[in-house]
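I've put the structures underneath this note.
Okay, so chain A shows up in both of these, paired with chain B first and chain C after.
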Partner chain A sequence: AASSRSRSEAKSGRTDLIFLIRFRHCCLLRNQRCVVAYLYDRLLRIRALRWEYGSVLPSAIHFHMSAEEVEWFNRYKKSLATYMRSVGGEEGLDLTQDIKPPKSLYIEVRCLKDYGEFEIDDGTTVLLKKNSQHFLPRWKCEQLIRQGVLEHVLS
Partner chain B sequence: SFLQGSKLEIPLWLAKGLHDSKRRIISTELPKIYREAWRTVFSADANVVDLHKMGPYYYSFGSQLLNFDNPENPEIAQTILQTFISRFRRIMDSSQNAYNEDTSALVARLDELERALFRAGQKGLNDFQCWEKGQASQITASSLVQNYGKRKFTDMDG
Partner chain C sequence: NEKFAPELLESKPEIIECVVEQLDHMEANLKRAKKGDLKVSVHHMEIERIRYVLSSYLRCRLVKIEKFFPHVLEKEKSRAEGEPSILSPEEFAFAKEYMANTETYLKNAALKHMPPNLQKVSLLKSVPKPNLDSFVFLRVLERQENILVEPETDEQREYTIDLEEGSQHLIRYKTIAPLVASGAVQLI
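This part shows the complex of A and B:
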């Protein structure tokens, strides 16, 4: 009788242990899933920055990125640059330009903040002062518009 | 420690992890909207049900419920599917026809999956209207920049 009681106690003790181990493991896996989901979401946003904003990140964003994220961004940039150089012949092809189908070579832009001197292809410079309006080549302004310095004005 | 036979409410992810058809560590009880009484309501007219109040993740949670070996699983699966089918048409139509309107009343009774579908429909409609107005070629600022001005990045201490 004594031995069968201790056997059933051992068995229920083991069942308790199984439950406990499983419970803890569940919680650990859940925490891991949450952390990974968060980090992955950040990575997707960082990747989008290269396309939406440009290859140089604003310092405030950079400040909030981990060293691994900065490294990831740099490697992604490099990867993208290598690919873009390999397509479109001699000069390569900047895929991050003309994301929206262009209608004209030159566009009207308004300055949203003071930016300073801006050089156009033929050597002339333009002073980008807040609220000033200019008629400029699309490919030169695209990045500044995306960065919120200029505003694309439709006629 | 837990006494055998005790009953408590735990999150789905925990129940899924503890569930084991062979070892029978836990047994699960169906939440009421997936039970027979409510299933009858859904099959009568799924369009009148406020799935946001009932859910708000009626479809995804219901699909996850099928992981537990409940004998009612085939009926539950069937109800979830039929509910989606009967509600979808109205959601699709309204998402394609409500332009520049206040859609909060429409959206209030949708579960999260339906809301995502509605938003996708609205985005398609808005993009098309934008194109029709000749605005599709307008270069816009990065959404990051737009949010930037509103949010102040505070320095972290330590």
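This part shows the complex of A and C:
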């Protein structure tokens, strides 16, 4: 409102105000740029969270997000899921897996927290208790390693 | 090539489809094979490796699409009839959704609270463009003659070079971009 008022004052011929108006407009534009840059940077970090943590965000992080950011995250999740489903075969290709080139089929992992029962492909279940070590298929462990439940043991 | 190019390269849906089909085929074979057979492990490993390369390639493209989204969409919109697309239809849908999502967010989180004449922001101007001047390493696959190189400093003038087959160079991406598209050079 103030900026439109000052513009109408300028139109009425007060040429000495024009510089002031222009200066103020530049300040406003700069503020707009700063705000947008800050918000956009937050968005980029939230996007990185999807790739690091998966679809469900830890509640501590969720707590720090505004309602609009949560909405953005949900829409981004959905968009990404639709895209991944459209690639590759019937189920699609989960692009958040296989982040590093595979070195072996099975890896040695140590359990960092109590997780409970974990089922592998051939039907056997493994009980993941804190500090227990297992020799498991790599692709099953990837998500749990990222979540911090398992730790890859490099001997 | 996709990994080392600063901009999004042409979409290659036929290759992707082919790889995906191969993967499905191999997985089906594996399911039918006897357990404990050594070949199973080797094939399994190969499947994992191929899947990794495919994922890595698609991820690389997605990162670039998200990074340059207004420019990517603009380029696709202003594409001429016969020119090859840089986005697959699914990527195009993803890019459009990403843009709409981000625009809506910025509007609701900040812009609608601003004075009326500041409520628009041009994403095309604010989001950085890909840096086509960045240097890339390449290996020459097909001999090229008379490639025009622009001067680096004010004292230099533009000159032409010939690219011998098998030679390796470090050059600005902009100069050799069409050669990457045609397959005459390979980025390393």
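Couple of notes before you dig in:
As a convention for this text, the second predicted complex is superposed on the first by the 137 of 155 C-alpha atoms of A that agree within 3 Å, B and C clash if a C-alpha of one lies under 4 Å from a C-alpha of the other, contacts with A are read in each partner's own complex, and residues count from 1 in each chain.
Keep in mind that, in the parts below, contacts are C-beta pairs under 8 Å (C-beta built on N, C-alpha and C of every residue); 3 or more make two chains touch, one makes a residue touch a chain.
Predicted model, so just to flag it, every value in this text is computed and none were measured.
Superposition note: with chain A as the common reference, chain B and chain C can be accommodated side by side.
Looking at the shared chain after the overlay, A:I18 reaches chain B, while chain C stays out of its contact range.
Judged by the touch definition given at the top, the superposed model places A:L29 against both chain B and chain C. By the touch criterion defined above, A:Y53 reaches chain B but does not reach chain C.
In the superposition on chain A, contact is made by A:Q147 with chain B only, not with chain C.
In the superposed model, A:M65 makes contact with neither chain B nor chain C. In the composite built from the two structures, the nearest CA pair linking chain B and chain C is 9 Å apart. Under the contact criterion defined above, the residues of chain A that touch both chain B in one complex and chain C in the other are 29, 100-102, 138. Of all the residues in chain A, the ones that touch chain B in their complex are 16, 18-19, 22-23, 25-27, 29-30, 45, 49, 52-53, 58, 60-61, 63-64, 99-103, 107, 138, 141-142, 145-148, 151-152, 154. Within the complex formed with chain A, the chain C residues making contact are 16, 20, 23-24, 35, 41, 44-45, 48-49, 51-52, 54-56, 58-59, 62, 66, 90-91, 93-94, 97-98, 101-102, 104-106, 108-111, 114-118, 121, 126.
Residues of chain A touching chain C in their complex: 1-4, 28-29, 32-33, 35-36, 39-40, 43, 47, 66, 68-69, 71-72, 75-76, 79-80, 82-83, 86-89, 93, 95, 97-98, 100-102, 104-105, 122, 138-139.
Interface residues of chain B, counted against chain A in their complex, comprise 1-2, 13-14, 17-18, 23, 25, 134-146, 148-149, 153.
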